[in-house]
Every structure is written in structure tokens, then in C-alpha cells.
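Presented below is the structure to which this report refers.
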């Protein structure tokens, strides 16, 4: 075992820190907090201009690209700085999938727009009837009969839940059911769809955690076949690529670090830091943060070494989100009434964490689903659902 | 000995239940945000004589604590946006003040500053945003102060009508209710009264949150069956039942002891019930939100309203750790004591 | 609601307290602790001589008998005094079942011996292959062919686990399989068997909690039909009577009360009581004890009013045992090294509680089984096993 | 950066694993009760040079902490009844004493008094029942005292070789290792060293306990299938994995920092690893016993041996609460400090 940080990774960390210090303003952070839209076009385009989106993630069969460990550090630093990075994460993820699976059309039409920061992507997996059970997607895509000379067209009807940032996105990656008569994993097809196609509409959904997400409706949307990603009825294979690509690299599991840092500062100012019971609880949070950091690093390291982190991602996500909830509840107690207040200048971050933390045990796979994965794939227990 | 409500109590409960179900659908709760006060609902409660219930019979009240907690339980179930715990607890101290009649008929709202003032300022008084009369421990005096309700509250977790209130301004009237040790003692009793009522409110809140979660898990299907059929969900829900029944019984016992004239035991049990209810309401609403999945955290769903109030309502008192320590002093004697 | 104790019950409480003060010696307690046999013949016979076993529990269709609430208080007080009461509880339970279901032979032969304190009973439900799933009992009882004039005889083969006190008991109540070809609940028959029949042997099993229990072996035991309890293949009906009879009345759920009392005394002597963190944790235990007491009282009150406590027993047992474990672990922490020591004079009760508490979430139905019951019968969720 | 063991480390680990599997089946653990010491196993370890491993290379050791924790992890998996953590931690302070060679070759066993003495008496020293040399902070002196091992321990939860040792008797020899602040500092380092080793031991213990529980739930059938197929059981087991991986990584990181010459960070991480491992080992063995059902609590089954050691081994240090407070001082500065 060797815990010495890789020099190239640390260099990249210094670079992103420098970039953030130069480009991220308090205004951007505050606007994201207020609107719940964790994307900022100015910041996003400035980052895209550095080439970081175009570089993408290194992987098997891909020339160039960033070490997954570097990207892990990248999102970690963005998270710690409260930078609005959801658009960036979605887009890098979808760009990665497009690179691997996309047709020449996708590569020419979409990829450069992602790379230049002109367009971002939203994820269209979940539906009202399928959350944990993603493969139960019911949004229909039917091939429309017509002149066989013409390009086939798919008629899409249905709705997608939790399409975060679709209101800013140029494209949505869309899991559809193309054959309802076979086992659920086998009748799916994936598309990458421009959001301005006629028949697509969306509605804002506000969340307790302060994020804005959306429901996206598809009403007789005519999607030309060139927008298809992967094989017909091969949607689950694309899904697996997307999940593997994402696993443990994109996103930020260290919310407890920001919370502890802010709370410690507040408690020092108010004198709460002199209370031994408060100190003890903060020390526990610090331990959880250390463990979370190590568990979160592991899938990135595995990906960096060319491996496929499977249960390690589940383990990190489960631990991180449960620990964040423990920390949030403890801070809520310790701050007392002051922690209930929600405006900047107050101990708003306590209120925010208390509302935000429960969300993290749900999205990206509930804690129950993560435990299922761990039970089955790490402990070798029988499948139980 | 009987742990079930009497026939009279059942009648009281079902009257309140019917009232709140009719008059306080969740739309009322939502419409009352961010202030957390529904003036119309308060007027309807006043028309029923509720604001005076905690006062003696000849002042327009005469309800037992056993009845009051039934009221508050039902109010908690619907998240009624009216400062009942605050008003009822504070009202007991206002009997010999010029505002007694107004407090009894609900034209005046009373609120208790739970923590001592600092330079005359009571911080984040529950109900303080809408209260006409504030009762506070201001240095060595317990005072009641008539002032103007700010009718605005800082943005807060529970959308509760909190406000800072200055209690040294006597332009509206200021009555010293007690001084010195007597003031401290009566303020402590006021806190315990508020804790008892809040425990009952949180019990109702948690009960309803659990019901919602059960209903949702029976309706929501994943992997071909209701998620409530999965043991992973069932075990997490079943675990909530004992603690919930426990706080209901403990709160009732605290109320009964108060009614029976055993204030020391009643006070101790009220603190216990408050601490237990605070924890149970948090655990219950956490799981209730969780088992609602992605929907549970959208503002469209009602369960997040329960989640936020479960935390925001009791925490105005401060870190529960301090209450545990005070309870320990009560149970085991002060440190170094005999 | 009315929390005023019933005067008759309080009177009985005072009586049992007086009895305990007079008859229970430190020697008896220490011997039970050392041997793990929570039965003392001297104490048992002295109690029997008061007529309390013969009085039994009042119930539908039974003249006389003690109010279930009185019996709840009875066992509660015995538990708080550390009296060795397992033989008593088993015997009163089996006597109650025999009274309801037993033949004239049982009533004449066995009941008076139970009542006079001459014999005690052991419970033979669990088997190596059936713990939570009691109805899966595999111990075979086969009707032996013979002269039809003679009394039929059952040949019993198998083994029973956790037959606590069988080494002192005159009788064991025995769940057997008489028809292996029907649904598991329908092929069972119950017997009450004298433990001195040829072919019965047992082996001591020591437990982490300090109790001694036994495995009992049945090798070609010839059991005359007169020992049968209830109908042939009607064993599950007898089981249900036994469970209903027991539910929430026999036994002691207030282990946390003794633990808190002892710990507080110890902490006062050692000065640990001056630590605010210790005080806080003890206050939490005190709250759990109050709640446990109320939840444990409820099934007794329901039984006292002629009702059948079903989920209330599960709720009380689950809460009590989980709370006891929380308390035991907290005390173990607070006592530090001193709590590890296991001899009288040390803080032995901490070590004891830490070893004893985990047992309580297993016997009498595991916490998982209790949650299943609560989920199904209180919350109305679908059956899940 | 690499969270996996190197090839060398894997070889070391598998050598220790093989040794302990061969030489310390559970029958050895059982036979060693109640004293908690298997002299034969100790001799075999000595023959391999293990007792001297923590000493510098020229004193017969030279192992890195990274290697030591692999040893202790494997020892923890089999509950090896030898006071390795105690001896290895104490041995580091005995380099310049007359007993160094004996400690290195295992003819002498060393043990650390973790808490300061009271009137010269060190209470419940881990390994103290079998130790020939005890290192203790005796008022303002850090001393090493040669004495007679009592070879008997008070009945205790973990069947650990604990004993009270008097450290002012100089008949066998008594060396003052340091005085004043230096003594306190070196004693604190000794404690942290012991905490690091104990964290590694508990990690091995918890890992094996989880494996046993999984194996049992796959074998034990109820309601027609292995209980490991029920979500109620699966979820409870799956929850244990992250914390277990976490303490393994945290302990390794603490060891690595020590090897890299960052004692401040290493010390902080050792305390964190110890506290986390204490909690994880308790939770893991609690559930492991629980999922063994009625059998798990019989003395016949091995899992209860894990349960008791998970509690008894770390708790000789005292209430973890005190360690949390000390860690807080380290992380956030002392109360009222700058």
C-alpha cells in the first residue's frame, strides 16, 4: 500500500484549485444555491476553454484523456469549493458514452459542442414508475412505418423523472422501451435526443435539498434514427457503459468535509467549540470524513489502474451518504435554533445539510440497492429481489 | 389503570381530528409558508375556545393536560400552522395580566421565550413572529410584554413563526410576573409545559409520517411488487412502531401526572417525553422520506414538510444534549451533590 | 387513560416484595449466577406453598386465578430482585396450557405436582433445524402398531434445542411431527412427556449470557398416548394457546432498570457520576427504561382486560431487548476496563449485561421475526417470508 | 498511490495467515482461557523472530508498521492468545535497557501500562498477567520495571491476560526511561502505538467475524431457504462492509504515515483508526452473533469468542469518550486555545 499522492494528480489538483480561485465567484455560488441550478454557463465555458472536457477520461481503447484519478480529484475539488458542477459532470459522462458508443453522426454533431462548452447534457433514465428499478423504463419508442428509403424515425412517448438540468441542456440521453414483450432488460433502446425536438417539454421540480430538477415529457416526439445510441434493443448495454463510466469518479462524496469545516468555523466564533460534547461529536465527524475519503478514493484508483470498480462504488456511496446524514443530524443538534436559519450570514449550512443529506441516500441508487449489490457481489449472498 | 383513552377522550380526539382534517388540509400548511401561520385557522380554533383551554375554568378554560395533548396530537398530525404549544404554555402565566381575556378568546396570541434574554432580547421565540404577548425570563424577572407582532419570520427549516423579541420596551405594557428564584422556577415550569405540548405535537406528526410511508410503500411498485413487500423496507418501518407507541404513552403519562398534581414527576416525564419525541420524530420522518424514494424529497410531496417540522419545532429549545444534562441533574442530583 | 396503579395489583406487588425479602437469599442469587441454572428448589417450593402456582392466571372460561396484570408485576418484581424464576415461569405457563387442553389424566397426574412445587416443566419447541421457524419441527412421533386393545404408544425420535432447565424438570412439553406429508403447521402433535422415560437424555449447553440450557435427545422413546396434549396433528393449535398464554405476562423486560440502578451506584462510588457525558448517557437509559416499562405493561393490561395482545407483545419485546443492548453497550463504554471484570465485587454487572443483552434479541423470537409480525399485523404490509 | 498491498506485503500477509491458521486453530484460543495466553504459540512466534519485529534492524527487528499491521491483522483473525500489541508497542521503549535482547527474542514479554499509575500501581495492564517487563508512566517518570509475571488474570470479558502491576519495586530491576515532559510525550506515543496495533488486530477480528456470519447465514435454513437469502439479514450484513473496509484503509494509512516519518499525522490517524475499529468490531460482532441466532450465544460456537474480545481488547484503554475528547484537542486545538 502506498498513500503518497501521485505527483501528476497533485499537479492537476493545484491546477483546478487555481482555476477555481480565478474563475469561481461568490455570486455564482450564491446564484446556484438560490436557484437550485447547479450549473453556471460562464464557469462551464471557461472550463471548457481549457480543454478539460475535450480531454475526457482515459480508458481502455482510448488515446489520451485524463487519468480517472485526476477526474476524481477534479470533482472533489469542485465540490469542496461549492462550484456548480452538475452540468459538467453530466456532460463529461455523456460525452464519454458517446465517444465509446456513438455513431459517426454523434461524434461529428454533438461531441464538439460538448467539448467547447456550447451544450450540456441531461440524464433521462428514471421514470415515475421506475426509480431503483431503472430497467423497468416504460417510455415507448416505436419505429414509425414509412418509405423504406427514408431514414427510420422513432416515435417517443412517455416521461422521465429527475432530469436535472434539462432546462439548460441541449441534449438528453434517453432510455426507452422498444420491445415491451421481452424480459425487461432486453427490450430497451438508448437515444441521445436534442431537447428542442417538437413534443418535448418539461416542468420544474423543486427538492427539499434545494436542487431544481425536472420532469420531462415526450409527446409524439419524432426522433430520427441517427440519434440512436447503440443497438436497437441494446439499451441496457449502453446503460452499463454509462454506469461503469460514471462509477466512483464523477461527483463529490465529501460533503462532510465542507460541513465540518464550516461548522468548526461557526462553533469557534460562537464559543460552542468549548463544549466537550460538541468537540466529541465533531471528532467523530472527522473520523467519518477520513474513512469516506479513503473509500471514495478506491474506485477512482481502480478505474485509474484500468479496472472496473463494481462493489467499491456501492460501498463508498453507501458509507458516504450515511455518514453525511449522521453528520448533518449531529450539526443540527449542536447548532440548536441557529442551525434552523436559512439565509447566508446565518448558520445556513446546517439547515442546508439537514435538507440535502437525506437526498444523497436516494439518488444514484438508494442505500437499500447499494446494500443489495454489496450483499450479492461482495458477500456472495443470494439475489434477493 | 388503562392505557387506552377513555370514551370521553376518544370523543374529544375525534372532534379535534375531524376539525383539523376539515380545516387544515395540507394546502393550508403550504399556503402558510414561509411565515408558518394560518390566521384563518387560528380564528376557527378561537371560535371553538381552544386558545383559552389551558387557563382555569373560570377564565374560559379548564381543560386537563390529558385533553390538551389530544388536541396537540391532532394538530401535529396535520402540521397545523398555528403556534398552539407556544400560546397554550405561555397563557398559563397570563391569568393576572390585562391580556388574560384576549389570550383566552384568541384575539391575542402569547408566546414563551424559552431561553433567557440577552440584553433584553429574546432570540428566536417560537410563535414570536405572530405573538402579541411574549413571556420571558429577563435577568431576574419573569415578564409579560405586550408588543407588536412582526408578522414576518427569518427563513427557517420548519417555516415556523420564529422571531427575536425585545422585552424591555414597555410602551405596549409590561408586567413583571415574578422575581428572583420564583421567576426562574416559574420559567422552568413554562419550559416543561411547552416541552409536554411539543412532545404531543411531535407524536402526532410522527404517527402521520409513518402512516404516509406505509401507504406509499404499499402503492409504489419496483421489481414487480410493492416496495412494502421487501423486507429491507418492512424492517425499517416496523422498527418505528415501538418508539412511536412509546412516546405516545410517555407523553400521556406526563400529562396524567400533571393533572394528578405531581408536578415534580410530571416535569421529569415531560422532559423525557420531549427528548424521546424529538428523536423519534426525526428518525420516523427520516425513514418516511427515505422510503418515499426520489419523490419524497421533492417539494411536491408532503412528507418533506413533516421532515422539516420534526427538526425545526423542537430544536428552537437548543441542543438536546443540554436537556439530557438537565434531566440527569433531575434524576441523579447535581454533580458533586448529595 | 389512567396511570393510577390498581390497588389489588399494588397489594400483590407488596406481597411478592415481602415474600422475596423473606425467602430470597444472596446465596441463591449467587448460586444461580454461578451455575447458570435460574431455578432454586427451596425458593420455588416456598412460593408454591403460598398457593400462587395453583392459583394460576385468570382467563376466559377459568374460575379464579390471578389477574394477568398481577402476574406481570409478579415476574417483574422477581426479575428486579434477581430471583431465579425460570422454573416458575415455565411451570406456570405449562400448567396453564395443561389446564386448558390437558386430559383428565394430565389434570390428575401432573397438575397437582406443578401446583405443589414438586415438579417443574421445560419447553421443547426449538430444534437444531427450527428456531425462528418453530413449525418446521422435525422430531418424529410415530404411532407404534400393536394390539388395538392396548393404549396406543408413540415412538419419539429427534432432538430439541434450548430445553432450559430440562436437567431439573419432571416434564417437558414436546412439539413433534406426526405427519411429514402435509403442510408444516398441520402435521404436528404436542405431548407432555415425563423426563424419566427411557431414551431421553440431555446435554448441557452453556451460553455467553451465563445461562445454562440443554439439548435434549429422544431415542426410540415410547410415549403412551395418555401423555398427548390436544388432538393428533393439532399440535399447532396447542402451540398457539401456549404462545397466547405466555405473551407479555411471563418474564421480565426491565433488565435496563437493574442495570441502571447498579451502574448509578457504582458510578457514584467511583466518581464517574461527575462526568457530564456519563450523566447524559445514563439519562438516555432512564428514558428507555420508562418507555420499556410502559410498552411492557400494555400487553399485560390487554390480557388483564380479557383481550389477546398480539403485536403489542412483539412491540414490547423488540423495544425492550434493543434498548437493553443500547444500555449494555453504553455501560461497557462508560465503565472502561473496570466493566470488563467478571467477579462479584467488581463492576461485574456491566460484563454480565454485555454478554446477556445480545441473547435477548434472539430468544423468544428474534428481532427480525418481531419486526415481521409488526410489519404484517400492525402496519398491514404484505407477508414477507 | 495504491490501496492494495504490494506483492511483498501480500507475501508477508500470506505467510502470517498460514502460520496462524496452522498454529492457532480456535482450540488453541479456547484452551488458553481464562488466562488468555498460549505459551506454545508465543514460543513459535519467537522462533520466527516476531517479538523483536518492532525494534530497529540492528536489534533484531526492522519491520515497518505496514508489515506489523499485517501481522496483527492475521493474529486478530484467529484471536491469537498472545499479547502482541502490548509487547510490540512496549518493546520500542526498551532498546537501551538490559532486557532488550530478551524482549527481541521473546524470552521476555513486555507490556505497557496505558494509564498513569496510582501510588505506583498500574491497573489492568494489557498483557500484564504474563509480562516480565512493564513500561509505565509513574508520576513524572517513564519507567521500565522487571518483575515476576503473575500468570493469572482476573476473570474478564475477553479472557485477556490483564493484571495490576506494581512498578515501584526495583528488586528485579527498574530503569527510568524519561522524565517530565519527555516522559509524558513518550508515554503518549506508546499509547498511540498500541492503538495502531489494536486497530489492526480488531480489523482482522471483525473481518473474520463477518465471514463467519456470512457463511452461517448461507448454511442455516429457515422458512425453506438460507437465512442469508432474506433481505432482513442481507441488509444488516451488507452494512458492515464499508466500515470494515474503512478501518482497514485508515489503519494502513496511519501505519504508512508512521513509516514515512510523519509522527503527528500518524498519531492522529492511529487514534482515529483505534476509535473507528473499536466501534466497527463491536457492531460487526454484535450482528455476527445475532445472525447466528440461538447458536451464536452458546459457548460451543466460536462467534461469541469474537464478540467478547471485540469489546474486551480495546476497552482496557478506558471509555472511548475520553479518546474522542483527546482527538478533538488534537484536531481543533485545546479548549480556549488559539
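Chains here go by letter, A, B, C and D, matching the order in which they are written, and residues are numbered from 1 within each.
Everything that follows uses one rule, which is that a contact is a pair of C-beta atoms (placed from the backbone, for glycine too) under 8 Å apart; a residue touches a chain by one contact, two chains touch by 3 or more.
The model shown is predicted, which means the values in this text are computed figures rather than measured ones.
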item	value
Interface with more contacting C-beta pairs, comparing A-B to A-D	A-D
Centroid comparison with chain A (C-alpha atoms), farthest chain	C
Centroid distance [mean C-alpha coordinates] between chain D and chain C, Å	39
Centre-of-Cα separation between chain C and chain A, whole angstrom	53
Chain B, residues touching no fewer than two other chains	230-235, 321
Chain A, residues touching no fewer than two other chains	276-277, 280, 368, 371-372, 385
Chain B residues touching chain A - in the complex, by the definition given at the top	123-124, 154-158, 160, 162, 221-223, 230, 232-233, 282, 286, 289-290, 293-294, 296-300, 304, 307-308, 311-312, 315-321
In the complex, chain B residues that touch chain C	1-6, 9, 66, 214, 217-218, 225-226, 228-231, 233-235, 237-239, 241-243, 245-247, 249-250, 252-253, 256-257, 260, 269, 272, 275-276, 321, 324-325, 327-329, 331-332, 335-336
Chain C - residues contacting chain A, complex	276-277, 280
Chain C - residues contacting chain D, complex	126, 129-133, 136, 161-162, 205-209, 213, 277-278, 325, 329, 332-343, 346, 351, 354-355, 358-359, 361-363, 366-368, 371-372, 385
Residue ranges of chain D touching chain B (in the complex, touch as defined)	230-232, 234-235
